[in-house]
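Same chain, two partners: chain A is paired with chain B first, then with chain C.
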Partner chain A sequence: MLRKLTGALTAPIIAGAVAIIASSIALVISGNSPVTAFREMWMTIDSTESVVVIINSAVPFYVAGVAVAIGFQMNLFNIGANGQYQLGALFAAAAGAAVSLPAPLHVAFVLLVAVVVAGLWAAIAGLLKVYRNVNEVISTIMLNYVAVGLSAFLVSEYFRNNDVKLVAETKKLPASAQLPALNRLLEVFGLNLGDGVVLQGFLPIAIVLGIGYYLLLYRARFGFELRLSGLNPAAATTAGVKPRAMILKTIVLSGCIAGLIGMSDLLADPQYHKYGDQFPKTLGFTGLALALLGRNHPGGIAAAAIVWATIERATQRLSLIGIPQEIGTILQGSFLLAAVIVYEVVRRRNNEQTAREASRAVHGPPPDPGLSSANAAGALP
Partner chain B sequence: MSNSIETGTAVIELRDIVKRFPGVVANDGVNLTVRKGSIHAIVGENGAGKSTLMKTLYGAHQPDEGTITVNGVVQQFKSPRDAIAAGIGMVFQHFMLADNLTVWENVVLGDEPGSALRLDIRGARKRINELAKQNGLEVDPDTLVVELGVGEKQRVEILKVLYRGAQILILDEPTAVLVPHEVDELFASLRALTAEGATAVFISHKLDEVLKFADAITVIRAGRTVGQVDDPSSITAHALAEMMVGSELPSPETRVSTVTTDVALSVHNLTTGPIELPTLADVSFDVHRGEILGIAGVEGNGQAELIGAIMGLSASTGRVELFGADISHSSTRARREGGIGYIPEDRQRDGLALPLPLWENAMLGHQTQKPYGNGRWIDKAGAQKQTDEIIAEYDVRTPGNSVPAFTLSGGNQQKLIVGREMVAHPTVLVASHPTRGVDVGAQAIIWDILRDARSQGLAVLLVSADLEELIGLSDRLLVMLRGAVVAELPPNEVTPAELGSYMTGVKSMVTSGASTATASATNDGTA
Partner chain C sequence: MTAAVVNPSSTPSSTSGPLSMRLLRMMDGRTTLIVAGLGVLIVSLARVISGDNDLTSSGTFGVALRTAMPIAMAGLAGLYAERSGTVNIGLEGMMIMGTIFAGWWGWYFNPWMALLGGLVGGMLGGLLHALATVTFGVNHIVSGFAINILAPGIARFMGNELFSQEEGGSITNSPGNKGDIGRFTMPFTSGGDLFGWKTPDPLGWIEKKQWFVLSDISGLLRGLTAALTLDIIIAVGLVILSWYVLWRTPFGLRLRSAGEKPSATDSLGVSVARIRYEAMALSGAMAGFGGAIMVLFSNRYQEGQTGGRGFLGLATLILGNWRPGGMLGGAGLFGYASGITLRTTPENLVRGLILAAAMALVVSAFWALLNKKYVVAGIVLAIGLVGIYSYAVFEKPNNQFVYIFPYIVVLVVVSARNQSLRPPAAEGIPYFKGQQG
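Coming up: the complex of A and B.
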């Protein structure tokens, strides 16, 4: 068990080191001191308030990572999570503001609209792939553009709040559709947050989503067949899985969860409660990075989301001391790139080791290393 | 045939070639002498090592031992580029052509004439036209490859090799995809080529065409050359088949027949593929409870399509019945849940997910059923317990049920697959090459498992390339050739050599009883 944990941590630690070295080089080239920069960044994560802010922004990241990871599990690249969640959020915001329901039902209604709209949008790419063999990477990228244009059009022409003249945005959700902050809950544990800092209320839903994802993928038959289809489509077909139905279900499911990406901001962030120009626009792409970093594992994605959010928060302080904020992007990018490479190296080594140990355990001849590394395709796409 | 063969000098000399792959010796002392200007056939069963030998010859891999001499010079090919430089070119069985380019573009692809900036189109076209005319390889250089038929595509492949200056052509089962008149055309072209001084080496298991077209024949069995026939007119198809499969006949076991009259699996008029050249042509048979029905045939004669149709993996017309119930339109899952067990031909491609632990692999195909789960949720404890039972009962050598499947040797992977099918108590078992690539110990265990299950009433459809296995296990033998069932034989009377003659079309049920001397192609099933 301990070995398993150390094994899981080796790769991210090496990747982190590579990322720090790469961004240090960038800092030196740009004439800044890496030491100052990293000290400043470290100092931003010094308080409970800071941690809460990080968690708040990690929550939508996490949801995005899970949405993309479901596709990755069967080698489907849902690049379209970005468009799916924006359309979902727009329709959910408009529909939520248009009805009046009691509090829990109202929230559920908004969530349902987002999930259904995003799922239907993803289904377009799914149907194209299944019936016309259109690569989902291409179709989802294209559909992103369509989604962006469509939502801009809809929000300015149909769902616009006419009380606001300057910007196009939907009406604000009524209180019954807002998720309350969790500060009270923290107080039970003796944590009192400072003024103006709230732990947003979507966190429990994200946790439930993570558990649901785990159970579906690793405990349910459907998830088994999904992973099997990703690892070996031929064997899945032989085992009675219908490949086309599986592709369609997976893309739609990924889209449905993508619908939840914008819900943390819409329902729980006091800054929004509406869809408009200010609404976050690139969470779906972040999800791609996080699913890769977290190796499609719910725990891994959570860790990746927190690291990502931490880097974003930490770099905000840099411009105050005259260091370009873009260093954060370099840090994130090199971390991602290094992680993907290191994961692969570690995975191959682990595979060889497992093969050797297994063969030693049964006193057979040593296995062929070429065979084990060539055929033991990893879970990472 | 022609006299020049005896006098021609050796263009290729292979001496004591040994090529090992992990766990297998694919070539174990192969000797081959090919004379200039001859058409040389290499024959042998599936897995005898023919393709390995050809790959050695055109530089796809290096032999572990032995020497390759080409035109009197000892060569070490590091890549196919070295081989082509020495004048050896390969014509692949599966065409490697770009469909949306024209014939001439395909031919020059990778070896374009002219300078880096200018493609000498006119020169290329002229040269290709010349090559085509000289060698009877008629094909229009400006046609798109996608519009060509199979025979023409093959000509383009040959042109590609000639264009690169090859004087020695290696053809890997060139006739596998051709209809009979195309076969004649192919060999006419090869004959024209060899008349000009080129040399052709081709792989085949079809004895009729080997005897008809080759100037010399080398027979390979189990990785070794067992003989070279320099004068094909001196040998009968029967003797050649015997050389190919080995004369050591497995003693058909004396055993009590457990065949019942209950029809378990029944197929009627199963057909797949295009109407002009069906891959499976109107196949009908019954398998009874307690019976092993063996399907013999050279690979690629419809066996895979037959199994695909029975398992619901590929589209087909005709009817499949399981204990009288029509399952022709049932899904693969419904068929498996209905009691059909399946041992796929390629365990790593179709039977396992190598990175997953053994207990998840044990569920494959049975994941909807107890004890692996309730259809909705997986029962991990139940699955692991079942896996432990499979491991114990079927002698799967592994440290536990949670190691990934890639840690197992081929034989143990196969035992796991056989075990998981058997513990599910199927009523019908479709077994495709159940002992392919497994060691002798695992093979014996799998044979015992199949025999025992049969005597307890299991109906088994056994497809195999191992004639000993087919003759030893089957209660009845069907022979498939070009998608059709061409013969039904009693296993306790047939010899492997005789079986080989049916498989290669030398002998057919239509002319059964006649002598084996006539080696004319039987076209059954191609119409």
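Coming up: the complex of A and C.
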């Protein structure tokens, strides 16, 4: 267990070091001191308020990561999470403001609309892949742009709140469809966050989602078949998994969960409670990055979401001391790129080691190390 | 297999398959021309019906060319990458790298240096992608995606460092380029100057007559020959040059073979890794050049000005079946669709375009019917009829229709044409020296 954990942590630590070095170089080139920058970053996040802010923004990140990771588990690249969650959020916001229901039901209704709309939108890519063999990377990229245009059209022509003249946005959700803050709950446990600091109410749903994802993927038959289809499609087919149905189910499931990405902001963030120009637009892309960083594992994605949100929070006040806060995006980007490279290198090394061990077990010690590594790479039969 | 390596574009014999497929094969190289001809016919019909002559004016086609070339350069970038076996989702990021460098050098030096800056910036992105995919064998989509996240961050950081303190500049835009790159008009056809003498402009004359088809073709030709900025001419030249390099030189043959069967390339003593690095450098440079064209068009770097054109370029590449001609046709179509929104009466033009697109869909539906693809024919016909209905109903169409038009076209065409599309065989598969496959 411990060995497994250290193994899992080595790669992110190396990647983090690379990211810190890369951003330090960028800072030095631009005439700033990396030491000052990182000290300021630490001071920014070292407060209760910052921790709450980080958790609040990590929640939608996490949902996005999980949505994308389901596709990744069977080698499906759902680049379309962006479009899926935006259409879902738009319809959910419009439908939620149009009906009146008692509080818990109202929230459930909004969630259901978002999940169904996003799932249906994802189904287009699934059907195109299953019946027309269209690569899902291409179709979901295209569907993203269509979704962006479509939601801008719908919000300005049909779902618009006519009381607001200047911007196109939906009506605000009534109080019964808003998720309350968790501050009261924390006070029961003796934690007082203080004024102006709000722990948003979507966190429990995200935790339940993470547990559900773990149980479904790692403890249920469906999840096993899904991961098997990703690791070895031929073996899955032999074992009786229908590949087309599996692809369609996975894409739709990924889309349904993508529908929840916007729900934290819509239901629980006092700043929104409606869909409009200001609504976050690129959480799906963040989800892709987090699923890659977290290696599709629920715990890994959670850690990645917190790292991502921490970088965003930490760099927020840099510009006050004259350091460009854009260093945060460079930190994130180089961390991601370094991480995927290190993961790949580690994976290849492990594969080679396994092959070497297996070959030693079968043939005894190899006569020549050069030959054995060639063997491991598959050059010789 | 050997045949595929020597000539991956070779088509099967033209004696089998349904009639329309046979026709399509016979005119293989000329398909683009024929589709373009049909397109002009449909668009001129739409012009007559909708009554807006700007739909096929030389001014509209000129703008269409300007908006098409960045997409075409992204497509060309994708062509180099994918023909050598590397999937390049990072095109958008490389274009962004091109725009920030072009905005920087264009402001610091001059527009010519902006073009060079675009090449350099894009190439850096391309080499980064090559490092991850070729040297370390990272999944191509993952690496390209990471570059798409990294590049806007770098651009924003550089924008803040370079422009935010300058007069007229800010973190999101450069102060503006120093000077203009110059224009060229073809003499004798479009009224260009020749040694200070203003030559006649016959195409402009025919265009003004508003004859059916004839004036539309003149508008098209004049749009492609009058008042061209030099960067656009260079871009068109790069497409032609790239075709020559890829299909007529030993380097091109090696590059394409690395994308078809890398182990065969390797066995002949050609380094696949080196070829793929070179291809990615060229790919990034082309994408960056596309970004530089956009910087010259708006005369400054603006954050987010690429607006997904990298992805559109990738789409045109697929539409064009990984061939430069088809890719150029797709870019022209998208350039036209987005170009008309920049004209003075965009609503009318958008209506005309909706009508033209709807008619094109109806024609394609008959084509599919001829192929006995009844389901496809039904779907395409339905979309076409919805288009004609919206032409009749919406007096003032929403600009979003134009925005989503290219993407719908890609989805429809890719799903309808899927069987006849042929990507490079070894695309997206990491290759290490000595490996089989």
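The criterion applied here is as follows: the second predicted complex is superposed on the first by the 347 of 381 C-alpha atoms of A that agree within 3 Å, B and C clash if a C-alpha of one lies under 4 Å from a C-alpha of the other, contacts with A are read in each partner's own complex, and residues count from 1 in each chain.
Note that a contact is a pair of C-beta atoms (placed from the backbone, for glycine too) under 8 Å apart; a residue touches a chain by one contact, two chains touch by 3 or more.
Because the structure is a prediction, the values reported are computed rather than measured.
Engineer: Using the superposition on chain A described above, determine whether A:Q353 touches chain B (first), chain C (second), both, or neither.
Structural biologist: In the superposed model, A:Q353 contacts neither chain B nor chain C.
Engineer: Which partner does A:Q278 contact after superposing on A: first (chain B), second (chain C), both, neither?
Structural biologist: A:Q278 sits against neither chain B nor chain C.
Engineer: Between chain B and chain C, whom does A:S33 touch in the aligned arrangement: first, second, both, or neither?
Structural biologist: Neither partner.
Engineer: Given the touch rule stated above, what does A:L337 touch, chain B (first), chain C (second), both, or neither?
Structural biologist: In the superposed model, A:L337 contacts chain C only, not chain B.
Engineer: After the superposition on A, what does A:L128 contact: first (chain B), second (chain C), both or neither?
Structural biologist: second
Engineer: State whether A:S47 touches chain B only (first), chain C only (second), both chains, or neither.
Structural biologist: In the superposition, A:S47 touches no partner, neither chain B nor chain C.
Engineer: Check whether A:Q316 is in contact with chain B, with chain C, with both or with neither, and answer first, second, both or neither.
Structural biologist: neither
Engineer: So, A:T237: does it touch chain B (first), chain C (second), both, or neither?
Structural biologist: The first partner, chain B, only.
Engineer: Touching chain B and also chain C: which chain A residues?
Structural biologist: 377-379
Engineer: Hey, which residues of chain B end up touching chain A in the complex?
Structural biologist: So the residues of chain B touching chain A come out as 22-23, 311, 313, 331-334, 336-337, 342, 344, 348-356, 360, 363-365, 367-368, 373, 375-378, 380, 397-399, 403-404, 406-409.
Engineer: For a test of understanding, state which residues of chain C touch chain A in their complex under the given definition.
Structural biologist: Residues of chain C touching chain A: 89, 128, 132, 136-139, 141-143, 145-154, 156-157, 159-161, 171, 308, 311, 314-315, 318, 398, 400-401, 403-404, 407-408, 410-411, 414-416, 418, 432, 434-436.
Engineer: Show which residues of chain A lie in contact with chain C when the two form their complex.
Structural biologist: 26, 30, 77, 79, 128, 132-134, 137-139, 141-143, 145-146, 148-150, 152-153, 156-157, 285, 288-289, 292, 324, 326-330, 332-334, 336-337, 340-341, 344-345, 348, 374, 377-379
Engineer: Which positions of chain A touch chain B when the two form their complex?
Structural biologist: 219-222, 224-225, 227-228, 231-232, 234-242, 351, 354-355, 357-359, 361-362, 364-365, 367-368, 370-372, 375-379
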